[in-house]
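Each chain carries a letter (A, B and C) given by its place in the written order, and its residues are counted from 1.
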């Protein structure tokens, strides 16, 4: 009955339109001018609230990439291509240059393998210089400590696994390969000081190493196993100081470890969860974020037992690291597999869920969603805020 | 003869009885540990991958016979840093040296205590040690001629 | 990398709560897998010059389901859904010789078996029957028991990961 009424009204409208008087003449305006097609150029330096969001493009894995987002406006600024099994982008400390260690096959997903580091200016996102590196770059779940840059931006390190373990070093200033250095038994490079790093070894020990003035890697001090075989440290620690890293185990134990001067010392051990919260564990692809100016640690937490270290977080637990104390629990509207925080004094908190294509920009105090950037490819992995040094200078 | 990918012949060689004790049980446990902690890279028969993972077949015994070689076999990162206990490593190595061969004359079994001592100081740079041992091996071969 | 699918799986499972495109496709995909498997597979096998290895007669369960006992530490796409089987690579792909190895308990006889999680390689991800169970898996710096690594690094064809097998090597107890 209602439908019939609607149809008759439509018909009435149509007949009225036919009977309507002629349209008034369009206003007199200047005609549209012919246009010139241009290409956008960006700021030379990443401002504090620009953020790179990496997409491993899991089902089309030869086509990984990173999206550059202005988190203040939610605008999509541009794309940096990444190749096969894309990990992430190393951004120079001044926020002007992006370096992308990538793997490419001559026939797309097959053929001759070439690994290169490609340099992009942030201002034009155009592929520039390229340095070929040993075709041994680890193909794994993306880990930031497989592609770190020294604090001065001089050397880029790339972790290799063939299954022999080694580190390739690229001189980012001269834009050439320094060499490949074996690191048997140990993997990942967690940077300490200006030219040092810590590696994690299979027995739960740590290995110190340092680059000399030419970029050659020299192995240094070692430790006894610091973690047990039953509850290993995850390979996703977070840097909380120039030479200090905060490690979490699968079960949620915390170890704060300092590597200053090539000496390795455990500074503190505590637990993320209280005795009555033992069901809660850290998890995800990027479970930890640290905001240096406020000393706050953000951890993705979920309820689960052994073997759930990749589960996305249902909540974000916030800690005062110096006090080893939790200060807040944030319940998430949608689970998150990655968390990050901008490094400036008025920070933004970022989360994403693998498979969601959405970056959530949040208030770090309350976790409230300020805005969402949607439609970001398919398989978002690591979130990389603008570097801290860029944050200080750029506007 | 090359062994097939799946280590079934082993059961025939050692007459593996999963519930038994004694040599058969020890061999089975050693094989299980090898399968879980080694063969992912070294492959079921120890052939490894050229240029990436060394071929252990017909090699381990030569290493075990050299001064420093016996120690090297345990001090390499893959053995020392494994999640196996010291006693398990000893059992595995005693089985593996025999299996890869050639068994050196007068070979004495590794003990858990020996493994404890060796793996406490595992090799962070095994490459040069390995090169030295290979050179010594080549020299021994020349002298034997 | 493919090993991050726990998150994707989580999303697919909780898709009812959201409206994401991915979640919808995930559910649709699951439906198609179930309805297609029973009708198409026998035909394919009958015609094949070299059929996929079937699971062994004394096993129980559906080898195209992530819940199948052998997959207790798998993380990737099941080759059973990609033209292969739990112990066969799909046509035109190359098995990774090197891999990681774990144990799973067979509920039928209650015994633990050693399972080799060889990847099949040389074509990009199959994309079907995503399965992520991480029982006993360790971080990447403990590689012999890590499922976060692309084990296709051992192949000639290249590292492109296609799907995962779960080959029984023998009893572990």
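In this text, a residue touches a chain if its C-beta (ideal position, glycine included) is under 8 Å from a C-beta of that chain, and two chains touch if they have at least 3 such contacts.
None of the values given here were measured: they were computed from a predicted structure.
A count of C-beta contacts for the chain pairs A-B and B-C puts B-C on top.
Chain A has the Cα centre that lies closest to the mean of all protein Cα atoms in view. Centroid to centroid, with C-alpha atoms defining each point, chain A and chain C lie 28 Å apart.
With centres set at the average Cα position, the gap from chain A to chain B is 41 Å.
If you average the Cα atoms of chain B and of chain C, the two centres end up 31 Å apart. Counting partner chains per residue, chain B shows two or more touched chains at residues 41, 52-53, 78, 82-83. Multi-chain contact residues of chain A, defined as those touching 2 or more other chains: 162-163, 186, 201-202. Annotation for chain C: residues 98, 142-144, 154 touch two or more other chains. For chain B in complex with chain A, the touching residues are 41, 52-53, 76-78, 80-83, 122-127. Touching chain C in their complex are the following residues of chain B: 6-8, 11, 18, 31-32, 35-41, 43-44, 49, 52-53, 78, 82-83. Against chain B, in their complex, chain A makes its touches with residues 162-164, 182, 184-186, 201-203, 205, 207, 219, 222, 229.
Contact residues of chain C toward chain A in the complex are 1-8, 10-12, 14, 18, 20-23, 98, 122-125, 127, 132-144, 148-150, 152-154, 157-161.
Interface of chain C with chain B (complex): residues 97-103, 114, 116, 142-145, 151, 154, 167, 169-173.
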